[in-house]
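The chains carry the letters A, B, C and D, assigned in the order they are written, with residues numbered from 1 in each.
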Amino acid sequence: MKLLPFEKPLGELYEKIEQLKTLSRESDIDLSSEIKKIEKRAEAVREDIYQNLTPSQVLQIARHPNRPDSLSFFRLISEDFIELHGDRAFGDDPAIVGGLGRIDGRRVMWIGHQKGHDTKENIRRNFGMPNPEGYRKALRLMQMANKFGLPIVTLIDTPGAYPGIEAEERGQAEAIARNLREMMGFGVPIVTFVIGEGGSGGALGIGVANRVYMLENAVYSVISPEGCASILFRDAKQADIAAKNLKITAKDIVGLGVADGIIPEPLGGAHHDWSSVSLAIKAQILRDLAEMSTQTPETLRQSRYAKFRAMGVFTS
Amino acid sequence: MSIIDWFAKREKNTVDTTEKLNIPGHLWIKCDHCQEILFQKDLKDNAHVCPKCGFHFRMVAMDRLALIFDPASFVPEDENLGPTDFLSFSDSESYTDRIRKAQAKTKRQDAVVSGMATLNHNPISVAVMDFSYMGGSMGSVVGEKITRTIERGLAKRCPVVVFTSSGGARMQEGIMSLMQMAKTSGALDLLGRAGIPYVSVLCDPTTGGTSASFAILGDFNFAEPGALISFAGPRVIEQTIRQKLPDGFQRAEFLLSHGMVDRVVDRRELRATLSLVLDMVWGCPAV
Amino acid sequence: MKLLPFEKPLGELYEKIEQLKTLSRESDIDLSSEIKKIEKRAEAVREDIYQNLTPSQVLQIARHPNRPDSLSFFRLISEDFIELHGDRAFGDDPAIVGGLGRIDGRRVMWIGHQKGHDTKENIRRNFGMPNPEGYRKALRLMQMANKFGLPIVTLIDTPGAYPGIEAEERGQAEAIARNLREMMGFGVPIVTFVIGEGGSGGALGIGVANRVYMLENAVYSVISPEGCASILFRDAKQADIAAKNLKITAKDIVGLGVADGIIPEPLGGAHHDWSSVSLAIKAQILRDLAEMSTQTPETLRQSRYAKFRAMGVFTS
Amino acid sequence: MSIIDWFAKREKNTVDTTEKLNIPGHLWIKCDHCQEILFQKDLKDNAHVCPKCGFHFRMVAMDRLALIFDPASFVPEDENLGPTDFLSFSDSESYTDRIRKAQAKTKRQDAVVSGMATLNHNPISVAVMDFSYMGGSMGSVVGEKITRTIERGLAKRCPVVVFTSSGGARMQEGIMSLMQMAKTSGALDLLGRAGIPYVSVLCDPTTGGTSASFAILGDFNFAEPGALISFAGPRVIEQTIRQKLPDGFQRAEFLLSHGMVDRVVDRRELRATLSLVLDMVWGCPAV
């Protein structure tokens, strides 16, 4: 498992423990009290690190290559997941995935950004940065869900929509904007989880939901801290400060009323235990779907609009 | 994200040239495009279009309203809505200071003017974005005023016309600026369901979060000649793909040939074009 | 004006008349009785040719380069025509055009295939053979008409949808099929005129209407006679026979119940007098729209379905 | 138009190979794809999929019904509908003769079998096209039976499943064959409005007028591996662009990567896939 830069002190302690254990085994000397001491210290360091994460450290966790991806969540959370492909007009974007699944018997349409866990898969998935046909595939599948009365669950995990020549030619702006408008109009429940990186309009393009949740170490931001720093601070190295000022962490996003709650992760991040996080997400989905299952399409539409309508801070 | 570009541009000349228009006593102006030296009054009388080469200068909101709608018909709304630095955001300068400066410069609370006007005596709910206020960036106030403009059209059952000019989301309001995309686009869902027409006039530049929400969702999308319209800005794309972009990329005419806008409309024809299409789909005869 | 092969005898007579006239003028000899005689003969030949056209001769007229095109008809028939562009996803196909116009005060959405009158324009218009984005532009505009309650008038004039690699990649079949389905569902009146060549699915893709008319020398066919001949007869030169067997002329199409009526053309074809044909089309549109203006969206939908539902000849 | 290609193909081997399946006593067959000599019974037991390379052989309608639906659940409808040579069409052969021969060969009135079946005891309105009858071409009877299949789904409020295999429109019925595209697609508008699911299974080949109507309009489009699916056929395109087409062009996997089909499904998985998606969107549990 890749250690993040700020985890280095912890890594060193773990390494030491391993060394002592090996030594103890090979030389048959009892080092257990020594080991226990370091383990205790490691535990303290661990708590100290993870309970006082800076926003830019959270961002690193959100981007961790071993963090669970959308397709894995679909399969961990739902039975009988079947992926569906294509926008029926141009292509099948590997950076957005979707399909049908059953969560404790409740049928849902899954939609999510898809990153890879290694370079090869990341190249295939364009690092989770969709092209317009990705948003259009998502729209097609959501329209299908709406037609058949199935709730929609979306997982957000993207650095942003892909900024490329062809993406512009094929209407990246149009594809995202259309999704924002159409998602507002669906008569079925929509629940969104930001599972990793929630980057800009490319994230929101599948995020207009009745309920929005942040995973504990996920981030949601109007612009990447690096991008913000290079524009406003004229210095990309100020990304740490930008990450702080932009208020991108789960707590901030919930505090601002943009998300409804936080899905806890194991200490150190979701990549340490995919299944416990899956269970937590699943429980939240089931609670929300149970609650919304009695609501009419019109109520679902209206309450979704009311939710986003209320967002904004201004004086008058 | 694409806001990068207007920031970069601001360093150069485009905005400066436009801004000079507002300096009293500054009677002459050079056309960015053909380098002709123009008498300011001639330019103004020609809808801020270079009489020599047709270059469309940026235009301030009130001039635009005067140009398009019936004389003195515009009645502003929501003028009192103002921005607030609710994130205590600060970079090289605090957001509070940026707001103060922008307000002093533009004599306006934020980057959009909205209200009711008439076009051939037919009521129109209208909003005009103002690029000179922090690059027309969309924060809470812009999002709220655009949304109210759409909701006014819904309440009064009259067409909605929005003139966009914006570098994208306003970073200083963090995630809240992003959510304005959902809020404004969502309001358009209601308007569309009610069968009320919405016309988006895309002016230079319309990029980032604005382009990827209400700007591109018109029943009719009309673009001003030469306007930059993009999701990701040219600089971001060049950094990503590490090659130079072709001439005319992301300009209004490029958008037309890629199917994103209905027409590129010369500003001097815009009133006639708006009158015509609104009459066609809504019955607003040009009496 | 280009003379068609079968018009050659007539051309020769006209030439002779011109020669005699020139001679008479230059040499000051009175040849008027001679000229009158040939003129009379020309008139007889003309009637003979045009009143006994074979299907493949009609096809030649339908394809005549000077035949009026869709955009010209839009402008001749309606006031204040304004063209609208783009499918809002990929491109603006010059082979399909559309826009708003007012016919005697009635607002309509025009849609049509667009050919050129010379090589340059034909290349730009791809000889009237649309790509998928053309059908999607047409759909977008028809959806707009449906949203605002405007009748749709479509003009068919295409050899067929373009058979190209990229057209296949972008879903030519999907684009046409979707139009067939969506056109059936619109709650506004739809009137279609086959103004020239009605070639295959590419023609029908904008032709699912409440009323369908053939211009007198227009053709409507499941396959081009040349294509049919090369498949069934293994010999493209048998196209004349195929044209006859396929029953592609206006009279045949009306006889089969696929079109509702014939719009008369001046002797020799519509290219001899664009405006008289425009007036005839205009009158037909106004009659139909007046009739359908009182019908509910549901009635319009149902009667359109009933019309196509009834098509087919079989034993049981 | 694209019908050109299956005519061309018919000259070669694909159809012949499939047709051999119906010749009694013909116990061995060669796989088109891997050249393996297969025992016919093994092939049949493997859903007519080559056990060695996975090549999907064409399948006759009744075998397909038996493979996918509950045993003996299929009840045919509209079997008596038959074609007629209402244009007195004749080329190298009269349509009347062609009909007679096709009927004699297939023991069927026309190129589609339709009726009601059950899948896990849930009723399904189903149609299966038969390529061996005049290349599965769509004339009045095919269009009518497909339309009735859709209308039966509508009347009984049950899902509609269609297996396509067709070279396109039936030229011998002239314009009437073209109109079947509008008729069938129009029926799908009604079905869609009623919120009833429609699954299209695209089998080799599905081209021309069939692909450009009901075949591509599924809520779910599933394609068999390697199936040729196109509007214009390869030969027409090669003639038009005067260059050779890339390998795999217009095959099921190509369609998948171009966004036209939801999945390419191995025939041996098809029953399970259909059961699953119909249960998901309609509630047909696999009890």
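Note that in this section a contact is a pair of C-beta atoms (placed from the backbone, for glycine too) under 8 Å apart; a residue touches a chain by one contact, two chains touch by 3 or more.
This is a predicted model, so every value here is computed, not measured.
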Pair with more cross-chain C-beta pairs in contact, given C-D and B-C: C-D
Subunit C and subunit D: spacing of chain centres that average the CA atoms, whole Å: 33
Where subunit A and subunit C are represented by their mean Cα positions, the distance between them in whole Å: 54
Distance between chain centroids, defined by C-alpha means - subunit A, subunit D (Å): 42
Numbers and ranges of subunit C residues touching at least 2 other chains: 88-90, 170-171, 174
Subunit D residues counted as touching two or more neighbouring chains: 192, 258-260
Chain-chain contacts as defined at top: A-B, A-C, A-D, B-C, C-D
In the complex with subunit A, residue positions of subunit B that touch it: 1-4, 7, 78, 80-84, 86-87, 89-92, 140-141, 143-144, 147, 169, 171, 173-183, 185-190, 192-193, 208-209, 211-217, 229-232, 236-237, 240-241, 245, 249-250, 258-260
For the subunit A and subunit C complex, residues of the former touching the latter: 88-90, 132, 136, 170-171, 174-175
Contact set on subunit B toward subunit C in their complex: 192, 195, 197, 219-221, 256-263, 273, 276-277, 280-282
Subunit D contact footprint on subunit A (complex, rising order): 80, 82-92, 100, 102, 107, 133, 137, 144, 147-150
Complex interface listing, subunit C residues touching subunit D: 160-161, 163-165, 167-174, 176-178, 180-182, 184-185, 200-201, 204-205, 207-208, 220-224, 227-228, 230-234, 238, 241-242, 245-248, 252-253, 256, 258, 304-305, 308-309, 311-316
